[in-house]
Each structure stands twice: as structure tokens, then as C-alpha cells.
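Chain IDs A, B, C and D follow the sequence of writing; residue 1 opens each chain.
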Amino acid sequence: MSARLRGTLLPVSLFLALALVPVFAKLGPESFILAIATRLVILALAAMSLDLLIGYGGLVSFGHAAFLGIGAYAVGILSSHGIDDALLQLAAALAGAALFGLLTGLIALRTEGVYFIMITLAFGQMLFFLATSLAAYGGDDGMTLSSRSQILGHDLLRSDAALYGLSLGALLLCYLLCRRLTASRFGRVLSGTRENRTRMEAIGFQPFRFQLVAYVMAGLIAGLAGFLFANQTGFVSPATMSWQRSGDLIFMVVLGGVGTLHGAVAGAAAFLLLEEVLSHWTEHWRILFGPLLVLAVLFARGGIAGLVGGRRG
Amino acid sequence: MSAALRLQGLCKSYGALKVSDGVDLAIEPGEFRAVIGPNGAGKTTLVHQVSGLARHDSGRILLDGRDIGALAMPDRVRLGLARSFQVTSILPGFTVRDNVALAVQARSGSSFRFWRDAAREPELNEPAAELLARFGLAHRAELPAGLLSYGEKRQLELAVALATRPRLLLLDEPLAGTSHAESREVVERLQALRGSLTILLVEHDMEAVFALADRVSVLVYGRVIATGTPDQIRADPEVRAAYLGEEAA
Amino acid sequence: MSLTLLALQALNGLQFGLILFLIAAGLTLIFGVMDFINLAHGVQYMVGAYLAAWFTAATGSFGLGLLLAMPTALAFGLLLEVLIFRHLYERSHLDQVLATFGIIIFLNEGVRLLWGSAPLSVPLPESLSGSIPLFGGISYPVYRLAIIAAGLGVAALLYGLVNHTRIGMLVRAGASNAAMVSALGINIRLLFTVVFGFGAMLAGFAGAMVAPILSVEPGMGDNVLILAFVVIVIGGIGSIRGAFLAALLVGLVDTLGRFIAPTLLRALLDPAAASQTGRALAPMLIYILMAAILFARPSGLFPVRR
Amino acid sequence: MTTGKRTLGLAGALALVAGAAVAQEKVKVGIILTLSGPSAVLGQQARNGFEMAVKDLGGKLGGREAEIVIVDDELKPDVAVTKVKGLLERDKVDFVVGPIFSNVLGAIVKPVTDSGTFLISPNAGSSALAGKNCSPFYFSTSYQNDQVHQISGKVAQDRGYKRVYLLAPNYQAGKDAMAGFKRDYKGEVVEESYVPLNNLDFQSELAKIASLKPDALFTFMPGGMGVNLVKQFKQAGLTIPVLSSFTVDEATLPAQGEAALGMWNGSNWAPNLDNPQNRKFVDAYLAAHNAVPATYAFQAYDAAMLIDSAAKAVGGNMANKDAVRAALRKAEFTSLRGAFKFSANGYPVQDFYLTQVGKRADGKLETQIKEKIFSNYADPYVKDCGLAK
């Protein structure tokens, strides 16, 4: 099989499998299967946006869940004020994510490497503690949404299948967008900076601007994921943006294979399904889960995408 | 006539060590100038300061009469300055073509384009292909640059520097570490460039320096002690004492 | 009252900072010398606490428990190094993060299987329990003073080791340029193992020291790990001196900030709003501190590697 | 136990084909508790309590075979939502019992009650669910949170404490605790001190307490935080009375040790509550787990008994939701706390006690009832609840 074919095999089969989920869900406990699959797709979306940063920009953000939280809180806060319209909520989610990304990016991108990791963690934690202090919106306990977002006044998302469809559509759209983005002029500057920043400066690029735009874009996608996340759980709380969640997202990216985009989807799927299956099997599932991660690192270089083949050239 | 590059009283020190101690230098447009000097004379630091990778403490750097001392490296590059590095600096994961195409991109149009596949843009690929052909790398175009031989990497670095269409090219020991055959090839390329742009070459290889340079400046302990044609420099007793003498001994 | 209270809180901050330093010292060396991100450093702290609890229960003496916990924590650290970490030094930071995260998950669950979910109790040694009067009619627990003394002692010891011994010289050289050290023909593997074991033991020591005052429970290392990372990043990775100052800074800012922030805000806002804002602000303080320091000095206070 | 029970695909399809009759064969209960992380011990107590009840009932609920599916909410609200959907959709449970923490409760209450399944909380009891957000599908075998804190406030008031220092973690339940305390306490609050959630070191607050010299300390410090606070409180040499809720209980006493002796606690139950069923329960729990049960265990035990009584009343016909609800409302079972009935909002009307940490004959620590503070106390939020009596 040619490398190119192998490279497209994984993403195509991944998306095909995800597209078939609603069909199979009809055979079993439909809404439960859809709930798991929707959660998977949404976290995959967030992880993929993080891969844009890690895999292409070399920017390991340890505060990415903050964007997820912003998207979720946009839904929660607006809905608690009686604004249920999906478009308004989405607009608020994206605007909030963009603003937060711009402000924190301007500061965080002054640093590099592990210092970047930690400063993004710091911003994530600040937002986390801010959310816990929002007494009007449930503080630590968070708040339950009265209903899912309305689309043009219709409760279209009430059906689990519709929400899943919307989430999967968003994932596919963002995936294709990111594919284009990474191959574009912009994407090449971004990857070039990851490989050799000095070289890029020496041919006249100012990496900071490109990294900032990428950081904001990844934030926007994660904000979108947050919007969907709130609709899926019907609940918004600071836990959405805990540092553990940011960590989970990094692990999904690494597990799936850094710098492949679809790897993040595979990583999210592996991470969540493993957790689901193992935790169903034994209460002490973590005793197995931990070593599995270690083994994955030691023996599966390049993550799942690397195993299946077709690493980026 | 204004110089293409003029350095006035350039000073820089690392702690107590003065690496540039009032360097004055003027290079005419189209001139091929070499800077030689013993190890630790501050040659590479000089290139760093001119290119903007390192900041000078005092003095002025004038590119075509304009003071660029306060500008960051990318801004100086935009004004027509390009450089190579002593330790090869390329993008190892990118193909050879993309290394050059990216440099072409830096000079042609906006890079804030998010949609079109850059690998299929003729306006990037064609100039890149032309440069690769000039540097004998056409057959390597699809290879990841990290897999090139050492000499090829040095050629690639020259191609990348030229792809930004500079008016002033700074070369930091382009022959360092090359084999005899490789170094001859590089010298040939440089020979071909003579006159088409202003070049500042820092180099240890005397044979190459004297073959290529219009004029040679000698840097010792951060100071320019002599400037002249290769013949004048060869004959300068001070230079011989301070520098060539040691080398010959 | 306010001044004595302030002094007491400073003492608390100092004690908290010193505990953080014990953990951060190993972390910054491991990171600095080996360029290895060890998330599992926090569980070494937990393991130290559990070992101290276990040995104390078995021997009936905290002193003996501490004495036995030290070499066991060292041995455990070395075991992990040989079995797993050694295979990760050459790998990317992300691989290291994932693998060491796996170890955290495993060990947290492991201690839960062995000792149960309920927190364990370690009784204070009789000689160190109780408080002694300090100044202004306020007393301070003896054991806390013992922690401060132990922390300062270890800091002095480390300072001597790093600055005045051959191995310390190698460690410093390794932190600024690892390739050079191995080029000198030093057995870098052995150096790594020594540094690793030592770091693990320090973290274990910190865990054992806090066992009598804090609850010994699964996952106790996770939040501490984050704080330790904050410390080494503020201090500059690889710098013991930086870790020491940053640990004290974080300890003091966190403790005093919680105490002073509402009081200061009360001057600006009405009491209810001040207390509300103060509460929201207090847990953010160290993160604000870190962001501000990194903004001004992107490589921390004492950058080692250039 | 059937943790790993999977009734995916085929069974689900069968149930659809065969209609309700097949699904009624067993009584299915989904249990969602925090079983991992630092707070797992609370969930384990509840699980043990529930399992003991089912064992005492011969593995049956209401005479039907009991099928129990236990899941771990990991103390993450969004994880809990997915897990609870699994219980509802995949396992098609008739009852959900859980959770321990109120933030998890807030996340799962809507999916469970919206699906027409009964949710029985064995611990968490938020005021919103007692008042305007009450649901005909929600019952609690515990209490409304405020009530427990109110005990301490009442005691402080009755004992004539002039100055009290309040200490709680900085989150919603902590703020509720302080509000609950202040409901009956009219003296001076010298300081309302909030510490970050999962705070480890209380030295700073203890120093403040020492300098302010209040008459008493009221605190709400659940789990590991309570362990730290109690140990450090004693080490600091403080001797003022400590009134508390969820700070000294049988789940944390083993770790707190003698430092907790004499501390006060508000509760609806204690291991030494003197009635035959409770004596039997405590002895059996001790025998099985070598630990003294805490309220989590007792309330889960009662939850199982409640389900048993309802299942019995409807003859196992779980499909008739109204009948099940009516049966649950009646609460015709012998509670470990003695008399038991529900208020209109699904919360118990019960007695509350002041308890104190003391030593048992076997040397273990437990909370012991000292005084009854409230009799047949229904929480006041019921007036905001639209459900008819």
C-alpha cells in the first residue's frame, strides 16, 4: 500500500465509523451510545484544535480546556438569562474565545518550551478560579441548562441524533479546514517556525504573529467544542476547564499521534473508549490504564496514527 | 556615493569581553568584501549584529544609508538583508524545495493565506525550482532537507538566502566543515554571484577569501586593523604579524 | 495584633515554601540535567508519605519510620528509573509527559489498592508535639519549626553539594550543557541515575515530613506537582538557587496573599465585595505571580541554559 | 455484584419487542457514586451500605431479583452525565441511587428525572432541589444540606457563644454551610474565613483563630481537608469548642485519630443511635468491613430499603410510575434512624442531633449522639416547591 493511501486510510475510516454510529445506535441503547459518541466527537474536536498548536506550531498549551470552558459558559450564562438562540450563544462563545486567546496569547507567546506550557497553565487556572467565583452562575457547583440551544426558535437539537450530527459536522468541517490551513502558506510558516525559529526569522518572517493567529484559531475551534459540550452534558461547571482536562487533551493528541490532526480524533476515541470499557470491567481500571499509556509511549512511537502508518513526510 | 553597508563605531561586549570594539566598516554596492581574523576575533558576532540576531551595545549600522540598528531581524531581512549560518540552519522536516519555496514566500505577497495549498502555488515553486537548479539540487527537490549531505545542506542554505532576493548577503563561514570538492563547488557558486549583489563574507579559508573578495578587512580582538585588496592585505606587515604570521607558523 | 499575626503568617509561608522547595529541588535538577519532564515526581512525594505512614505504624516510632522511609523512597525512585524512565530520556517531551502521567495514574491506584481510599494517619512524635510560645503571646507548633529547620538544613546541604563537590560541579555543568558533560567522558548515565534517585528521595522526604500534619491519601501528589512546576519555572529550570527563592516566594505569596488580600481590598471596596473579590483572587495569586514573572523574564528568575 | 453487566444491543432490542412485561422481571438499580480519587472513601461507604441492605433482603428488592449496576462518577459532573445516561439507556434501570457530591447531583438530576426514572440521593441534598427545582422523580434519604449546618448554629446560640469563627472551603457548599449556621445563630461572627477547595494547610487560619480568641469554631471541611484541619487544630494547641458538619465522621475519623476526640458534629444519625435495626446494621458493617459506618453508609442502606418498600407495594410493576411514586412517598420501611417520612419535596422529615466524637468499647472512634436538637424537622424550602402534598 502506498504511503499516501495509508495516510488517508485512517482518517477516512475514522470518519466513516463515526458517520455510521447513529445507524448502529438504533440497534442498542440509542441515546446512551449517541451520548458517548457525541462526547467523543466533541473532545476530539478540542483535541484536534490543540494538535494544530502542538503538532504544527510546536506550542504545547496546558490551558486549552479554558477555551472549552469559555464556550460552555457562553451557553450557560446566556441561557440563564433566557437567551437560548444557538447563533447568539455560538457568537458569544467564539468572541469570548477569540478575546481570551488574543489577550493571553500576546503574553504567553513571549515564552517558549516548558515556560509556554506553564504560562498557559497559569491562564487556564486563573479562568478556572474566576469561574468558581461566579456565584450567580453556580460557582463551583456549576449550573444546569434548562434546555439545549434553539436554532432559529426551533428545538432542533433536542434529538440526540441531531446534536450528534451537528457535532460530527463541526468536527469534519474543522478537520478539513485545518487540513487546508496546515498546507497553506500560513500553515507552512507555522510548521517552519516549529522546526527552526531562527531560520524563519532569517528569511524575514515574524513568527510571533503567525503563532498568535494560530493560537486564536485553535481557541476558536475549542470554543466551538465548548458550545457543543455544554449542549451535550446539559450542564456547565468549572470542572469543564480544570487543568486535568487540559492534560487529558494533550494526552489524546500524543496518544493519537502528534501533527496529524486525525490522530487527535483517534486519540480521543482510544482514550474515551478505553476508559469506558476498562471502567466497566473493574473499579480499579486505572491500574491497567496507567501502564497502557506507558506501553503506548514505549512501543508505539508516533501514536496511533504512527502505528497505522502514513506519517507526515 | 553611499555605502551599501556602513558600520560606525560598533561596540558589543559580553561581560568583560569586548567582542566588537568600535568596528568601522564601509562596503560599496556590489562589492564582495571578506572579513578575516583569528579565532575569537568577533567575526561571527559581527554577522549576528548586522543581521539582527544579536544586539550591539553602541554604534550605528547603516543599510543603504538607513540606520537599521533598532530593527529586529525579520525587519532587516525585509529591507534586503540575508544571511547564512556557520552551523547549518535549515528546516530538516521540510523538503528541499519547500525550504526554498518558503523563502520565496517570505518575499512574495502575504503569508496570511489560509486556504490555498502552498505546495501547488507556481509563483512559489517556479522560482524555487530555478534556484535549486542553479545550486545543483534539482534532483533532491523532494527529499526532506535533513537527509541531505553536509555539502548539499550548505548549498541549500545559500539557495534559501538568495530566494529572499537580498541586496546584501552575509555569509558566515559557508565553507566550514566542507570537503575539498564541496568547498570548490561553493566557491564556484559564490564566484557566479559576484557583482550581482553586495556580499559580506566571513571565512577562515584564505585561499577562497583571496580568490573571491574585492577587498578584505582584518578583524583582531573586535577591531578592524586593516582593509585593502587581497594583495595589499597579503603584503601588510601588521596583518602578517597579528594574524597571517601565526597561521603560517 | 496585626503585626504578630503577620509574622506568624510569614512563618507559615516559609514552612510551606520549604516543603515546596524539597519537591522542586529534585524536579528542577531532573529537568535541568536530563531535560526530562517527570510528572511522576509528585507521586514520589506521595510514596514518601505512605512509606512513612506504613513504617511508623509498623515500628511505632515516627523517627524510625522516617529513617526507614528515606532509603526505601530512594530505592523506589531508582527502581522506576531503571525500569521506565531510562528509556524515556531520548524521547520527546510529549512522550515523557504521557508516560509519566501513566505512572501517576498507576501509582495513585496502586496505593489505593494497597492502603485503601481512606486517608491514613501518622501520629506526631511525642517530643515534637505541642507548641512553644514565640513572641507577642502567640505560640507556634514545634513540629512546624522542625519542618522549617529540616528544610533549611536540606537547602544548606544541597547548596554545599552543588557548589563545592565534584558531583555538584558535574550537575551544574550538566544543567547548562549536557552534551559537554558527556563529551568529557563522564558516565552521564550514572550521573542521571544518581540525580534521579536523589531527587526522588528529596520528594519522598518532603512527603514523609508532612505526613503527620497533612492527610496521607491517594492523589496527594497531584496538586503539589503543579505547584512544584510553578516553582521551578519561576526560578528558572535547572537552578537550585532559583528553585529555593521561587519556592519561598510562592509559599509566602500564597499564604500571605490569602491573609492580606481581603484586608487590603477592604480599604478599596465595601466589606462584602472585598471578601468576595479577595476569595476569588487568593487562589489565583501564584498563577498571576508566575505569569507576571514570565512576562518580564521569559526564562524565569535565574535562567541556567542558554 | 454485577458491575460489568452489559445488556447492550440484543437485550435492549428484546425489551422493545417483548414490551414492558419482560423488563419487569427484575428490579434494576443504577448506583452512581464517587469511587475514585481522594474522596472515594465516601462513595465506598455508600456502596457498602447499599449492598448490605440488598444482602439483608436476600438479594431481592420488593421480592424481585435485584440487579445492581455500579458506576463511578469520578467526581466530574460531565463524566457523571455520560455514565448516568448509560444507566438509563443501556441498563434501563428503574432507580438511580446517588451521588455523594452536590455538584454531581446538579449535573445528573435533569437527565434522570427527564427520563421518568426515580433518583434517590443517599447524601447530596441541595436547597434548589428542595425548593423551586423540586421534582416528582427525586427523593432523598439524607437531608437538605442547610439543616445539618443549622444544628451547629442552634447549638452555638443555645449555649450562648458570643463570638464564633466560621471556616469553610471556598465553594458553593461552603457558602451554604455558613448561611445554614447563621440561620439560628445571632451572636457575633468574628470572621468568615474561606480556604481554597482541597486546601492542605490550615496553619494560617489557625493562627488567626488563636489571635482572635473566639468562643467557638464552626467548620465544614469534608474529606481530606477535615483530616488536615483536625490534626493541625490539635497541634496548634487550640482548645476552644469545635462545632462542625461533615468534618469529623466515621469516614475520616480513622485518619484523624485522637485529635478529633470531643469535637462536635451535627447529624441526622450516629452509629450509637439506639434502635434494634441500627445496632444490627452497625455490627454487621463492622464485621464485614472492619470499619464503623458513617452517614453515607446508613443513608444508602435506607435508600435500598426505600426501594424495596416501593417495589413491594407495586408488586414489581415498575412501569406504573405514579404507583411507584405513591409508594415511595409513603416510605413504608424501617429506617435505621427510626421514624421516617417524606416532606412534599421528597426530603425526609426527621430528627437532628448534636453528636460528639468519642471512643467505642472496641477502641475505634465514632460520633455519638449527645442531644436532640430538632424534632421532626422538615426543611423550609418546601414552600417554594410546587409539588402537592
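For this structure, a couple of remarks:
Throughout what follows, a contact is a pair of C-beta atoms (placed from the backbone, for glycine too) under 8 Å apart; a residue touches a chain by one contact, two chains touch by 3 or more.
This one's a predicted model, so the numbers in the text were calculated from it and none came from an experiment.
With centres computed from CA atoms alone, A is the chain lying nearest the middle of all the protein shown. Each chain gets a centre from the mean of its Cα atoms; the one farthest from the centre of chain A is B. Mean C-alpha position of chain C lies 36 Å from that of chain D. Separating the CA-averaged centres of chain A and chain B is a span of 43 Å. In whole angstrom, the spacing between the mean C-alpha positions of chain A and chain C is 32. Averaged Cα coordinates give chain B a centre that lies 48 Å from the centre of chain C. Across the assembly, chain B contributes no residue that touches 2 or more other chains. Residues of chain A in contact with at least two other chains: 132-133, 135, 286. Of all residues in chain D, those that touch two or more other chains are 36, 170. Of all possible chain pairs, the ones that touch are A-B, A-C, A-D, C-D. Looking at the complex, you find that chain A touches chain C at residues 54, 60, 107, 110-115, 118-119, 121-123, 125-126, 129-130, 132-133, 135, 243, 247, 250-251, 253-255, 258, 284, 286-287, 289-294, 296-298, 301. Listing the residues of chain C that touch chain D in their complex gives 1, 4-5, 8-9, 12, 15-16, 109, 112, 116-121, 123-124, 129-131, 138-139, 141, 143-144, 210, 212-220, 223, 255, 258-259, 275, 279, 282-283.
Of all residues in chain D, only 36-38, 40-41, 44, 170, 192, 194-196, 198, 200-201, 203-204, 207-208, 210-211, 223-224, 227-228, 231-232, 235-237, 251-252, 254-257, 291 touch chain C in the complex they form.
Chain contact summary for the complex, chain D toward chain A: residues 3-4, 6, 8-9, 12-13, 35-36, 70-72, 76-78, 81-82, 85-86, 88-90, 92, 102-103, 106-107, 109-111, 126, 170-173, 175, 197.
Across the complex, chain C meets chain A through its residues 31, 37, 84, 87-88, 91, 93-95, 97-99, 101-110, 112-113, 226, 229-230, 233, 237, 276, 279-280, 283-284, 287-288, 290-291, 294-295, 298-300.
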